[in-house]
Amino acid sequence: MAMIEAGFKEETGLTHECGVFGCIAAGDWPSQIDVAQVICLGLVALQHRGQESAGIVTSEGYNAKSFHVHKGMGMINNVFNDDSMKKLKGNLGIGHTRYSTSAASEEVNCQPFVVHTAHGALAVAHNGELVNCSSLRKMVLARGVGLSTHSDSELITQALCLNPPDGEINGPDWPARIKHLMQLAPLSYSLVIMQKDRIYGVRDPYGNRPLCIGKIVPVKLKDGRENSDDEEEEGWVISSESCGFLSIGARYVREVYPGEIIELTQNGIKTVSIVQRPNAKPQAFCIFEYVYFARSDSIFEGQMVYSVRMQCGRVLAKEAPVKADIVSSVPESGTAAAHGYARESGIPFAEVLCKNRYVGRTFIQPSTRLRQLGVAKKFGALSENVRGKKIILIDDSIVRGNTIGPIIKLLRDAGAKEVHVRVASPPLQYPCYMGINIPTREELIANKLDSIKLAKHVGANSLEYLSVEGLVQAVQHGIKHKNSAVGHCTACLTGIYPEKLEW
Amino acid sequence: MAMIEAGFKEETGLTHECGVFGCIAAGDWPSQIDVAQVICLGLVALQHRGQESAGIVTSEGYNAKSFHVHKGMGMINNVFNDDSMKKLKGNLGIGHTRYSTSAASEEVNCQPFVVHTAHGALAVAHNGELVNCSSLRKMVLARGVGLSTHSDSELITQALCLNPPDGEINGPDWPARIKHLMQLAPLSYSLVIMQKDRIYGVRDPYGNRPLCIGKIVPVKLKDGRENSDDEEEEGWVISSESCGFLSIGARYVREVYPGEIIELTQNGIKTVSIVQRPNAKPQAFCIFEYVYFARSDSIFEGQMVYSVRMQCGRVLAKEAPVKADIVSSVPESGTAAAHGYARESGIPFAEVLCKNRYVGRTFIQPSTRLRQLGVAKKFGALSENVRGKKIILIDDSIVRGNTIGPIIKLLRDAGAKEVHVRVASPPLQYPCYMGINIPTREELIANKLDSIKLAKHVGANSLEYLSVEGLVQAVQHGIKHKNSAVGHCTACLTGIYPEKLEW
Amino acid sequence: MAMIEAGFKEETGLTHECGVFGCIAAGDWPSQIDVAQVICLGLVALQHRGQESAGIVTSEGYNAKSFHVHKGMGMINNVFNDDSMKKLKGNLGIGHTRYSTSAASEEVNCQPFVVHTAHGALAVAHNGELVNCSSLRKMVLARGVGLSTHSDSELITQALCLNPPDGEINGPDWPARIKHLMQLAPLSYSLVIMQKDRIYGVRDPYGNRPLCIGKIVPVKLKDGRENSDDEEEEGWVISSESCGFLSIGARYVREVYPGEIIELTQNGIKTVSIVQRPNAKPQAFCIFEYVYFARSDSIFEGQMVYSVRMQCGRVLAKEAPVKADIVSSVPESGTAAAHGYARESGIPFAEVLCKNRYVGRTFIQPSTRLRQLGVAKKFGALSENVRGKKIILIDDSIVRGNTIGPIIKLLRDAGAKEVHVRVASPPLQYPCYMGINIPTREELIANKLDSIKLAKHVGANSLEYLSVEGLVQAVQHGIKHKNSAVGHCTACLTGIYPEKLEW
Amino acid sequence: MAMIEAGFKEETGLTHECGVFGCIAAGDWPSQIDVAQVICLGLVALQHRGQESAGIVTSEGYNAKSFHVHKGMGMINNVFNDDSMKKLKGNLGIGHTRYSTSAASEEVNCQPFVVHTAHGALAVAHNGELVNCSSLRKMVLARGVGLSTHSDSELITQALCLNPPDGEINGPDWPARIKHLMQLAPLSYSLVIMQKDRIYGVRDPYGNRPLCIGKIVPVKLKDGRENSDDEEEEGWVISSESCGFLSIGARYVREVYPGEIIELTQNGIKTVSIVQRPNAKPQAFCIFEYVYFARSDSIFEGQMVYSVRMQCGRVLAKEAPVKADIVSSVPESGTAAAHGYARESGIPFAEVLCKNRYVGRTFIQPSTRLRQLGVAKKFGALSENVRGKKIILIDDSIVRGNTIGPIIKLLRDAGAKEVHVRVASPPLQYPCYMGINIPTREELIANKLDSIKLAKHVGANSLEYLSVEGLVQAVQHGIKHKNSAVGHCTACLTGIYPEKLEW
């Protein structure tokens, strides 16, 4: 692993944090499973991974010449309606929801990408970011392909279409093409790829981005009978996270393994291949998924994200204790850790902030007076819980450091005696090149102020972070099958990247 | 007080739950106070009281011939932008945010209502609903006025313009006109009325709807100095709730008294008149504001709404105890009560549900399978906190009873052993004719199923409500200055209305 | 008649050039006549009179408590669709289309105005402008009515509702109320007023604005049979112009007489009253309707507008002859006059300009180079018809004088040898206070440059106007029943207004 | 030439009638020429060729790494505004406007297509349709390229990027690549292709689609001086038609020759290559451009389109005379031919129809009665010109035959004695596969009814078409340099296609 300084990187249409989802009906077709609806609900449950655009592509199977496609800018609710759902007929399909990366947010970048190839239609949904995008791009262009966008997802799609130069693959052997691509590009991606009658799920060899499998089971009768493991499946789903499985009637099966190509057909799921990491390096699952990005009811590596966050709070209570009247949190991001901190420290938990659900993006240039006021418009203070109190305020992470100050100001205006900030993750110091949209190093407050200066800057009586070791310990605490392959990418905290970056 | 059966009532453009707000700059004009911005932020803090439409009207004062008006359908964020704010110049102004009451939601009903009168421009913002709307309407029509809408707020506006028949008022004596109106219409309303250079705040004699006053104070320096009470004010605000005061740099002063007409000018605030309730009846402040409607950081009758809700949980723990592993809540509405229940019972609080912030209005006709599934799409279960647990689940209220069932289903699917529902308010059984939009009696589940049948219906192991006495006790627990005038409207729970209704 | 200098006049929400339309089914109700569709198509045929907003109000008749209303900003096509049409059930209805008067274009000003009155619902559609708006407004305000807009159409509506002070009318005698209003306000208006079961058509005593009646006849079979006059009618329509009658299956009956109140019921049409002009003044039908405003296939005073325009060209050929190779026009406004000029002069007509139908409002700030170019983007030159030719170019009117210059430039660039402009109307010099939206005197080019200077300014070899006498002669040429009452308002050309104006 | 029956053809995203435009500044860069504005105005003048979508791509020249792109659905006015124009900086650029082909109208099909290639950015705008699209598509797919759309314009773009298999071109020699493509695909296309510092204009060897060149000259002073031919140019434009040249200050230079590749750089224009037609076949310029599609002020083959249309009327008068009172036209499409007919026959021209400019797309399901009425809503009859008259009505073409019937009905309702339809083009009988969107054979009325039956069907007293020979004679009448290569495609009239079609 190489320690790399963040270099220049063009801000183009690169695909950042996203959600991918697929569904295929089991058994005979046409099936009774409402494939497009399952995908739509699956995407709604992944909406926290991207609100910029969404798309669903379905196939009727077998001899389908083309797919049904509906994509658009905006949230799932805005992109899909009854009319568009009706058109999305099919026995299988995939979907995508995409994160807003400012300027490059254009309709042409909406996923899944769909292309007509010499071997039939192909649809690709991608979460992640290629670290060697540049050399792969040169290779594809040199083959005489014109690329419409800067998206590495379009690049992946066209790379899958090209016949490798040595001629070993020139037919419709998609698994071989996928494997070839994985050898060219080691990370980072979770892919859901659809052909006319099957779906491939792919996770990069490092397992950097999440991807898991679920089984659609028959709707239970209301007699409270437990599900039995031998129920026949009605279909299969594949998803970035498991959080939506219950809402679509699916049961969590397992994660896709790092490097695995899994094939979903009407006959079931099958591992096609597992591509190894170079030099037996350990896995590098993104630790930030636990800290911030994933929904708290999702399962990674056999443990619930909420539990990890709570455990972070417990470790934090040990690492950074302070005498206070109450433990509280910035809702809703810090609440799990705050409960953990409260239990470990024995200091009672109490809410101190009330969130205004209706505050949208800032829309008006505030007047000088209002700017000077510097109070958090998004929150109100629960004054009777705050007045005269010494408060430990837990937040999940501090990025630019410009939201915590106004919150502290609000608490002080409401009469707080002391405010001690505890951050349930280590300082964020390095950019991510594997799919998380982190500000530049200059914008990261941890690169400008140490915790003592930051405490002063934001008006806190004290401010402390969880250590990197503490975070890793909290994450690994609940992993059941620990072994030497287990590992996490902490690049944004340590600057240690799993692969040498090239630009 | 008369016990009245709910009768027929036309569903027209009546104004229901709304938020009203006003601001006036103190001292010399033109002032440095950013009046329109203060109102806009004030409305954002009242957005929970209505998301259908919003409007702001400002005046430059003194000889202003006309007002600056901007109104529109939708949330504050959509209605106002930099361009519209620039046009809203002025030294004083009022604003309104309105609740969606289905079909009658049209631009013509946006408030504040602005009219040109023989005595200058007049703007009126109204929260509440006139119980004797019908007779007042007949009176106004008989005077030869054509009414454009069914809104009782337009009715109030035109009634203020008409010279009383006995000729005692025919000039610009607005306080006399307001007082005359209050004698004609005893409840329910909180009004903010603007003339070219002053604002009147009015609360009906029963104090049914909330209204309070704040003082804009100079922006504090960052030395942590406490506010002193003798600071000179920079302006005054009047608002349905106090929750936004900190965010605009205002300090809470007091509530407008039931029946009070208060006048805000550049020279300060002054009580113009206090209209008495007929027959010395007690006050009738809406108890539902505490239970459900108000934001938890607002102050009514000297106490924080959050504290009352927590107290409801405490009383509920005494009234309806049950043995369980954890106390939890339906986020976010039941959380305060759940903490109260947990403290009183000694059973630990733990989160069991994760809310999907991105679920909007249902937009797609779900397939049969998904409908049968009957699971809450809006929530995910925190499975590790749920599996094998006996759970007490606190909700703030049950109205139609169709949301709690799917939540219980979700918890059971995630492995909950027992689910005991505890509702932090009594059963809702009667319609409100004073501004709260409650479904018809037929739709209220409490009129169809008692708590034992309801428990079975929603799949709970048990279900119990807080008693009316318990609620009243919880509400009065924190009121400092109790006296015989204090009283609350519990009509929706008891069918006992403060005034005889007429239709 | 008083000669009046144009004074100050507030630019508020006054209603300018508009189209009004009404339809009622004859015979038994519910009728088979598609009332809302007829009104919609009728408004489409009046769209040239206003593109800002449109509205339709229908009534189911007799005991109807309220009307069906649909109004909106924009063209008919945008305001109405199948959904809105379905809601507009009824046996009678009225509609309105409104001209854009820049800033004051707001939804609140959309017509028809609908109010609830002591005597049932009332809808009013108005074309015209009250010359004594100000005093009427004061009167209405003094009666204690609050007015929402500056629109004189709202004023008319409220004035109709008020009981006259002497108490002679206080019931639902709408004709008496209308007559009372006509005595208070002599001009200018054509009104279509709907009550639950009848429509009143009203033209001001001077007949300043047009209004005519049509009869809906049964659909003819395809045997080529001529219509016979004794056909039974299926319904009645009333409209600003007759141009749409054929397209809705209606036959032209007659104009509403100046000062007439006509009543349309299911039993037929009936003159209720004819209000006389003060002091036996002559009629004052707007001559600008002939010149510019009306559609050329409409009938006024027994003659087709197109024929009058052609006659203007004939008179112009006599008044302002010039030797040339061809006569042409600025399409499409000057074409009728050009054909008249060609016939009278014997010089052949030929097209020289090709109109780009797709040029919309100017939307881009043109660069300096393009501005200097000064060529008409809206037209192309038919070069082979232009090169080396002496051209007489007919335009219907010159207002600001900034469109004819670029057209001449275009013709010269295409090789025209001489360009002689002939304007088929006299110079426009005075504002109109009766419903036509004419620029201020300062903007009218005829107040700045005489025809010789204007010719030079626009680059023409010569430029001449039709004389006022010539115009009047052309207009009266085809009127069959001339008598002393016949007269036309030429105020915008002569400054002589039919009534003293008051502001 | 092969006579081919119209076979099955997928209705996909094929590019139909479109307009293409390019502009490059001459001399030193950065130039003073407002390139993006010139293109925008140029597209406005081509708007009649397509109203579905529009796009402009500009380049700053030389070392430009990427282009500035703005594309969108809708008319030019809607797609571009000041903001988008500001971003379109550059010294050269190309634009496109596209025809609506119903369902396949999606944003992804907006042109110009822009791709990143191994040899820099490339933008392509295409008018026409490849007759051998299918085999070219197979070839491109076989090379391992995934195609996003069914558009043959995307196909052209990717085909240009691919290195030919024999390896003769693998560098940035774009002219060689274009020539290679022209050998693969003989027709039909006019292309405007942009590289970072130059524009290529390409017309297929048959010259099927139009393309011409103009020179931007300095803005003339107002002294009326004629342009002299030795003026130095400020830039060059290339356009589907010449109709907009005057409005952007450009002078018509010449057409691009059939088969020519012309290069526009800052140093001027240069013929790079002229690709020959196979077997010395004659040219095949689309005759329908003269009949219907082009704007009447455009120049093709040295003659003005309007003059050709007028000549068609003259020939028609000789071929199909009839005794009548007046000659008239369906505005505006038949007016030129009507004037020709009138002059040749000596029968006076008179207008009989008044067009309602505001009738948009049909938007409401008409009621039964209105459908039975069967009258043209788009027109009004000028009754005084019609009543009692024998009318010759000229239309430019009859396609489905469902618009002329209602017009005749309207004229008869208005009192016409006889209506004789004369069509200024031959019957349309065959589909076009070269870019004109013609209905299926079944929909073409000429394939169902001969002229006698059609006359009866539409209610005319007689109906006659121009003969194919007459049309060809009218078209060739004004061509100055006639030679054996001159020829026109009359496939839609005769079924004789210039090249064998393959599907």
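As written, the chains take the letters A, B, C and D, and residue 1 is the first residue of each chain.
Methods note: a contact is a pair of C-beta atoms (placed from the backbone, for glycine too) under 8 Å apart; a residue touches a chain by one contact, two chains touch by 3 or more.
Heads up on the chains, UniProt names are A, B, C, D = Amidophosphoribosyltransferase.
These numbers come from a predicted model, not from an experiment.
Count the smallest number of chain-to-chain hops linking chain B with chain D, moving only between touching chains.
2
Since chain A and chain D are copies that touch, just let me know if over half of their interface numbering is common to both, same, or not, different.
same
Using mean CA coordinates as chain centres, what's the gap between chain A and chain C in Å?
Taking the mean C-alpha position of each chain, the two centres sit 62 Å apart.
With chain centres taken as the means of their Cα atoms, state the distance from chain A to chain D in Å.
Comparing mean C-alpha positions, chain D is 49 Å from chain A.
Roughly how far is chain C from chain D, going centre to centre by Cα mean, in whole Å?
About 38 Å, centre to centre.
Would you mind listing the residues of chain B that make contact with two or more other chains?
none
In their complex, what parts of chain A are in touch with chain D?
Residue positions touching the partner: 107-108, 113-118, 122, 138, 141-148, 150, 157-158, 160-163.
How about chain C: which of its residues touch chain D in the complex?
32-34, 37-38, 40-41, 44-45, 47-48, 51, 75-77, 80-82, 85, 219, 222, 224, 243-244, 246-249, 295-297, 299, 303-304, 306-307, 331-332, 335-336, 339, 349-351, 354-361, 363-367, 369-370, 372-373, 375-377, 380-385, 410, 412-414, 459
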